[in-house]
Each structure stands twice: as C-alpha cells, then as structure tokens.
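Next up: some structures, all given as structure tokens.
Below are two complexes that have chain A in common, paired first with chain B and then with chain C.
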Partner chain A sequence: MTASTNSPGTLAPSPGEAEDGGRTAGPWGRLPTWLRRTIVFAALIGIWQLYTSASGVSAFVFSGPWDVAKALADGVSSGDLVTSTWTTLRMLGTGMAIGIALTVVLTVLAVTTTLGDDVLTLVSSMINPLPSVAILPLAMLWFGLTDTALVFVTANAVLWPMTVSVSMGLRTTPPTLLMVGRNLGLGRWRLTWDVMMPAALPHALAGLKTGWAFGWRTIIAAELVFGAAGSKGGLGFFINNARYYALIPDVFAGLVVIALIGIALDLVFNVIERRTVVRWGMKEGASA
Partner chain B sequence: MNGEDAPALLVDHVAIGYRRRGRFVPAVADAAFEVRRGEKIMLLGPSGSGKSTVLKAVAGFLRPSSGRVVVDGRVDPGPGPDRAVVFQEFDQLFPWRTVLGNVVHALRVTGVDRATARRRAVEHLRLMGLEDMLDSHPHQLSGGMKQRVAIARALAVDPLMLLMDEPFGALDAQTRGRLQGELARIVARTRSTLLFVTHSIDEAVLLGDRVVVLAGRPSHVAEIVDVSALDGPDAPGFAGARHRLRSLLAEEGEILDGVYE
Partner chain C sequence: MTWTSAPPGGRPRYGRRDVLRFGAVGAGALAMASACGGSGGSGKEIVISQGSGISYAALIIMQAKGWLEKDLPGRTISWRTVSGGNATRDGLVSGKLHLGSSGLGPFLIGWGAGVPWKIVSSLNDMPLWLVAKDPRLRGLRDFRPADKIAAIAPGSIQSVMLQKAAQQQLGDAHALDRNIVSMAHPDALQALIGGQIAAAYTSPPFQFQAVEQGARKLVDSYDLFGPHGFNVMVATEQYAEKNKDVIDAVHRNIGKANQLIAASPDEAAQILSKSDKGKVSPAKYKEYLTYKGIEFTTTPHALLKIGAFMKEVGVVKKVPGDWRDAVFDTVKKENGS
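And then the complex of A and B:
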C-alpha cells in the first residue's frame, strides 16, 4: 500500500490538509493558519526586541520594536506621519488614475487601429524595460522639485506594465464572444466596450497589481531622492528627514507604514479580483 | 416571382475555404439551396463536412470565395441580429454576466426597453428549464445548460432567421426530446425561419421540413430530402426517409447516428 493520505474511508480531507498540498501535516501543520502566522509574527518581533536589547547595538543606527511602536504612536498623534502618508497616497492615487486613463485610451486605440498598434508596441517595448525612477532626472528638469514631477514618474511607472497586459487581454478575447457581439449587431466601439474590455479584465487586474507595485516603489524612491519636495513632504521625505535629525525610530516607523500600505493595497486588489474575475470563473484563484 | 415567394435565404452555389499556413484550403466546394420564409431546414453531414462553415457564411462571419448568400434580398450581408446564431462552442456566453444578464443584454442592445427585456428573458429561460439558474454565472452551469441559455438568448431576440449549430448535441435524450418539442412550438408560433445543423438523422427528420445533406471533402450538397410531412416516428414514410438519409451518409463511409440513439 502506498502512503496515501486519502486511504479509503477518509476521503474527506481533514481541515488544513487541502491547503497543505503534499506536505505532511505534523502537529504544527494541524494548527489553524492564522494561529501559526500569529505565533511566527510574535516570535519575529521577540527576536527583534531581544537582538536590540542584548547586542548593545547603537540607538543611532537601529531601533527595537518597542521604540518603533512608540514612534508610530507619536507620529500618528502629532499628525506628522498621517500627513506624510496622505501626501504620498494622494500623489500615488493621482499618478495611478492618470496612468489607468492613458492605458485605456492607448490600448483601445491599439486594438482598433493598426497604426495605434504599431506605435504602442514600439513605444512600450522601448520604455517598459527602463526602471521607472530612471526618468526622475528628466521629470525634475521639466517640472522642477514639484508634486507634478512625482505624479509624472508614478503615472509613467503604472502606464507601461498596464498597457502591455491590457492590450494582451484585449487581443486574446475569445473569438466566439466576438462573434456573439457582432451577431447582436454591436459596432466597433460597442464591441470594445461590451465584449473586449470585460474579457480583458483578468489581464487588466493583473496589470494593475504589477502597475501599482511599480508606482509605489517609484514614488517612495523619488521622494527619497527629492529629500524636501514642496511644502509638505510624503513618506519618503519623512524617512529622509528623520534620518537627518537622527530620529532612528521614526525611520523605522516610516518603513513600517510603507510595508503596511503595501500589504493593505495588495489585499484590496485581491478582494477586487475575488469579487469579479474569480467569481465569474475567468481566473483560477483563492475561492475561500 | 413576387415578393411573398422570394426565398428568405438563398445559398447560391457557395464555395468557402480557410487560409491555413498561408495556403487556401477549400472546405465547401458547392453549397446550393433555398430556404422559404418560415421553413425549417436541417443541415446534415458527417463531421468536417462544412456544416458550421455554411452556417457561419449565412450568419455573415465568412465571405464566400465564389457564389453568394442572399438574405432577404441582401447579398452577402454582414452579421446582424436578424439572424440570431446559437454557436456550437460552449464559450458563447459572457462569463461576467449572469444567465439572466446574458439574455437581457442581447435584448437591450437590440433595442428592447429594460422592463420588456427582463420579462422576455425570464420567459424564454423558463421555457428552457432554467428558472432556477437566473442569477448563476455561466461557469457554474453544465455544458448543456450553457447551450440552453444560448438558445434562450437567440429565441428571445425574436429574429427573422434562427441559425443553430448542433444546439442539442450536449444534452441527454430526455432533455433533447423536450427541447426539440419546445423549439418546434416556438418556431411554429413565431414563423421564424430555421437553419439547423445536426449530426442526428432522427433529429433532422423530426424537426425539419427539408434536410440538406452535405457530403464530400470539400463538400457539396449530395441531396435535399423532403421530410415536411413526417412529424413523428409513427408517420408513414418516416422509416423510409430515415433509411434514405442513412444510406446517403453511409456512402460517406461514416455511420453517424447511434451517437444520438
């Protein structure tokens, strides 16, 4: 007999077994996922705190979790951290909105006209390999040390990965669905709007996930380069400023906020995917 | 010939081919038949004999390489909702719309107002036995259920001509029998013209007025058999027509029925 976990009589997998795939479920594996993750998280924080207090590392280069938590609380109550976060998120949002709008225009032009297709293919294959921060010097030259420059680099970071995946999605619309649309008498624009765009949604969302991650990295990097931009700086500015005044816990607090926002936005996009393309059976994915 | 007698559809010595790796490969060499208004024409032939190809040419998706398709006096018209198509493929429903949403959408884009669209969609989905699935999404349906939604959608837009490509192929014998009856009733009531592709001799004889048999590769019309008087297996002549069609297909070296029997 093979060592199959699904021996006759135990066809229904015990809780946790399905998620763990082929791994053997020891006592640890049998704990619920959230509990396992919480324990690991607490242990990591513990090690961090232990290292800081036991190793005697200088408080001018490293902070423990307790100091970082205090800095976070202070930053929130004084409003500094909240303002910086809001500034960065607002610019990210503006940049993404512009990037998405341009994506829609460019990709629709590319699938409806041959010239648009040629132009977009060439331009995106030239710009896409460029790391998006690389155009920051140009942006500074054109717009100065302003929010506009930051929005510009962010929009640029979002635009190209998105156009690549969205035009792929539009192009791979199932031919039967296109025939159904044409059979209903839909014209070119209605066909794009009613059939091709929704059919491209799985690709568009995947592109949005890549695009926002690019945009997020780019705007933080750009803010760090800027140092002090405009009257109110964003998170990158907050970190750089804290470093300048040797407020090391604040540096860490800024990093924690950046990570948390990353996690939160990833969650948001996963929820959007689950409510749309996964629910419609257009993409395999977490159905839980 | 006066206007009343003009055929709803004239397939006038049509040849159609596909471009495969740069080469033109003919699929249909000579398809020629006429369909009168309200008539039910069955396209019968072995797999690969170009039944779907002819149907897609009538629907306006393929252009004949010679000959012409005349629909209601229009030569080689593009696709349009006057000829509603039920495709052979299972992926013909919009996955992002519900079952009801798919049918309502078809009605809305063909100019029906919201309330009427909803009422008519529900009515046709009920006829297809799908009243419990209205809010499901297509991926939650079986293959046969998906085809029934597509049939409901095509019937709901109330077209001049229905083009159906093996719509009952994925159904069990009982459901198929019930839906054949339902389709016959609806077509009789709306007096819409029906062009129906099938593998099944029995289905062709039961549903059709005339059966166009496609044979050869590239194919031509081997014979057109009149079965209009035969609306049940007990009708005199049923066995004869069945036998005739069977021998026509057997000449092709393929026994096809039995799949459905």
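And then the complex of A and C:
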C-alpha cells in the first residue's frame, strides 16, 4: 500500500539509484533495491499486525492484515470481488476510450485551426480545475443512476488533463522538425499526423498516465457517492456494501485491490514509456 | 551546519531533515491511532443522533419541550441528524455520538458483528411501504436491473423488508440487492418524484407524501412481518454503564412524549409542524401521526422475527437468542418480542 505513494518508477530496480539525490550509500543503501523494498513492506505489515493485536482497537473499526488477507481470498473465491473489479475496470476502460478519442479530435482541431485553439484553451482552462466527481449530480440528473452517468464522469475526468498535456506536446514540437516537414512539402494534416503527433508522444503518454489516474480516482469516488454503480456494482459499491454490513475486513480488501490495480497500471505505463519514448531517446529514463 | 550533511565515507548520521521526516511519520501514526480509539466517556455534553420523519416525533417533542435538559441538569444536549443506523454506528463507535437512532436492520447487523451496543428504548412500530410511480411497475417481478430502488442503504430495515418481499414474490431474497441505492428519505422522495429512481422504500411520512404525489404502494411491511418495531435508540454498553442516568432519562422521556402524542395528537402535530418551519401543516402531521398501524411505544416488537429472517438469508451470522439480550435494563421489563 505504501508502494502506491512512491513514484511508480522507483518500484523497479535501477542501477546507481543508491547514489542519486545526494543520499549516502550506507550498508542499507548497498542492499539490492528489491530486498530493501521487501524488508520495508514486511516491516509495515508487521507494524500493522502489531497495532491491531496490541492496541485493542475494536475489530469493526480496524482490521489486521490476516483478516484482510482472508477477506481478500474469500472475495476472490466467491467471485464477488472479481465481478466488482471487472465492472469497475470495464467502465473505466469505456470512459478512457471515449476520453482519448475526444482528446485526439479536439487537439488536432486545436493545432490545425485558430478557432479550435481558442475554444480548446478556453474550455479546458475552465473545466480542468473542476474535480470530475463534482459533475456527478448533474450526470445523474441527465442519465439517471446508470452506467452511462459513471462513464460520462470518467470520460470527463480523463479528457481535460489529457488535452492539456497533448496540446502542450503539440505546441512544443521543435521548430526545426516543423521546418524540415514544410520543406518536404507536407500539408497541414500530414504535418500534424506524421511530425507533430510523434513529437508529442512523450507528452501524450504523460497525459495518458495523468488521465488514467484521474479516471481511476473519479470512478471509485463516483461509485461511493451513492453506493450505486449502474446495473452491476463495482469496487466502490463493494466497499460501501461491506461497510453497511459491518464487514470491515472486506472494506480493507477492497482498498487493497484498488491500490494493487493502481500499482499494476502504473507499471504498465512505465513499460510502455520504456519501450517507446525512452528507447527512442525522446525522454530521460522514465524509471530514474 | 556541518552536522546536517553526512560525513564522507562514514556511517550515515541522522540530519535535521531525517528527524523531521521521522517526526512527521510518528505524528501521523499517533493521529491515526487517536482517531481510531476513544468511545464512551462521561463528559458533560451528550450528543444524540436522529433521522428524518415522524418516526422521531418523540425526540422532536422532547427537544421542543426541553425535557432532557430539565431531567439532566448540568449537561448540554446536542442533536445531529443522520441518514440511517449506519451513520449512528460510525458515530457511536468513533465516540462522536453518545446515543443515536437506528432502524432494526443496522442495529441487528451491528449487534451480530460485535458492536457492543444495545437498545435504550424503541421509538415506534410503523408500516413501511415500497412505493413506485412508473405505471409499468406493478410488482417486484417488473423490476429490471436498471430500475433503482432507494432504501436508505444496503442492510437498512427497508432493504431487509425488500429482501423479504423479494423472497415471497420472486423466490430469491437477494434478487433486488443490486438495485438498492443509498439515499436519505427526503432525497429519495425527491428523486422518485423527479423520475431518477424507479421506486423508494422509505418511511412515514415520506411514503404518504409519495402517494399524495401520484406514487403507488407495492409492498407493505406489515403484510410481511405483522406489526413490527421500526426505529430504536441505541447506546454502547460502555456509555450506558457510566451514564445510567442519561439512558434512563432518554427512555423515560420517550415514554412521556409517546403519551403526549396519544393523548393530544393536535399538540404533537403543532410541535412537529413548528420544528420543520411549517413546511407540513399541523393537520397533515396529525393525519400522519394517527395513521392506522402506527404506534408510538418504547417496547421493541418483532426484533426476533426480523432477526431470524436476516439470519436465514445470510445478512447476519449471529442474532440474539432472547430479545432481552439486545436491550438495556430500561426496557427489559416491558412486553417485547
């Protein structure tokens, strides 16, 4: 769980990390990264267990790691947790797909036409600071308590941070590349598609990362708001339900799943970055 | 400032920043620990939760008349409005509340999960209705997965009634579990009339108001269990032990308020209407208070019957063997069930 608060890249071992940032390499620092992380992780679990068994905190306020592990295993074997996770991921996927498609359309319009640029700058600066969950009441009014409302809110959460970074990427395309493109006689569309888009890839990937993080937080929060998640309950519903039935280990199990998915998806994005923009030398090592 | 930087080649020493870092972690852990701990206490302030609706009429009358303040000199009493028994449970367990109201559903769930709470007094017996507005919905069979039903929360007394009705009409008590959305009664009424939800399982007077505005009754809880208790006042064992005078006073004054409602419903209706600033007229309140089947009583009824059903469908694992196991001495001598 602590790992999710670390910057994702640092999960992977990277050579020479012990020396960076002015930190000194003591005996602890000379241990391999995976070993250090495992020890810290085990220690945290130990403290957690110690706290629950020694402090006498009541079981319906705080659950120990053992109970949580049991609840996790029960939830997976009964299928409840798997169904809920799948429901949430499916809605997140739909929301993100819509968000990404709209981002591409909007940013291309913005770089190819001046009017599009004005509109996008104005709209995204107005909507971007708005937490997407804040429009959930409106979405429920428009779409009812359905999947559509949640997908709408998620797409909205993904769209604006992504357009901001992608249009930033398109705008900061090195002028040399653009001039070379023009010299080759590329038209506006091919210039956008073949020169500017690849040049904006690092920003686009960073935008995707921010976008998914916003979307993920938004959909969980949205599910929690009314304990409703369309026709089938997602993870937020699972947590809420467990709370109502006083099954506190299940609440913790739901949180663990959310954190694990967060870590897993962050790792996926890191791998994508390493395979593309880092390898092509467009960005300093993503994992350093 | 030399001591803040690590000596070259030597053992790393802790600099000021490290101290700050550890300090921050420690403070965070302490804050968490203290936030989780602490319940009960016997301070001067008594914080009591109540919900919305005429189920809390006795509490509203008590507040208007200042009876508790009179019986408990030297204590200050403050009231919080919550959406349901789950909120009361969270408040009692975290020590933010001392007494609170809960429907029988959340009470039994908490009791079964080991929350050390018991009933100080019942508030009333009331019929609870499932109401729907869409003419397509004639029975539970007509509900599709997208048709949302507001029922306070999963596990609420309303959702238990829905499960009983689903068991009778559909053969599966959990058939409509995923249709349940969590909404407070006033929001549910508004959402039902506005068409955002298909049906609402609420309580008096919201169910009556829904029917006045064109909704139909689909389920009546009295048909499922017979007359049964609805809301109860609860406290933790720890608090009740240290504050016997408080729970006695609360129980006694609920009884007193119930007598007032029975003897002079006009005066009770006046007080209720005044408490919501005249949104509902005294005449309407009198009609609601005296509705057939509503009884204001301190005695918990049908606790065991409802508990047995909840155990049967797997909502709780443990139920009280005797209704007296779940109540304080305040109501033990009464004729409960």
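The rule we apply is simple: the second predicted complex is superposed on the first by the 264 of 288 C-alpha atoms of A that agree within 3 Å, B and C clash if a C-alpha of one lies under 4 Å from a C-alpha of the other, contacts with A are read in each partner's own complex, and residues count from 1 in each chain.
Just so it is clear, a residue touches a chain if its C-beta (ideal position, glycine included) is under 8 Å from a C-beta of that chain, and two chains touch if they have at least 3 such contacts.
This one's a predicted model, so the numbers in the text were calculated from it and none came from an experiment.
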So, does A:G26 touch the first partner chain B, the second partner chain C, both, or neither?
second
Which superposed partner A:L201 touches (first chain B, second chain C, both, neither):
first
Which partner does A:M282 reach: the first (chain B), the second (chain C), both, or neither?
first
Check whether A:W189 is in contact with chain B, with chain C, with both or with neither, and answer first, second, both or neither.
neither
Chain B or chain C, by number of chain A residues touched:
C
Which superposed partner A:Y244 touches (first chain B, second chain C, both, neither):
second
By the touch definition at the top of the document, which applies to A:F41: first (chain B), second (chain C), both, or neither?
neither
Please report the chain A residues shared by its interface with chain B and its interface with chain C.
none
Touching residues of chain C toward chain A in the complex: what are they?
6, 11-12, 33, 36-37, 86, 89, 93-94, 106, 109-110, 112-116, 145-146, 148, 153-156, 178, 180-183, 196-197, 315
Touch list for chain A against partner chain C, complex:
24, 26, 29, 51, 55, 57-62, 140-141, 144-146, 226-228, 230-233, 240-241, 243-247
Touching residues on chain A, where the partner in the complex is chain B:
174, 176-177, 179-180, 182-186, 190, 194-195, 198, 201, 276, 279-282
The answer for chain B against chain A in the complex is residues 56, 59-61, 78-81, 83-85, 87, 89, 91-92, 94-96, 105-106, 109-110, 137-140, 157
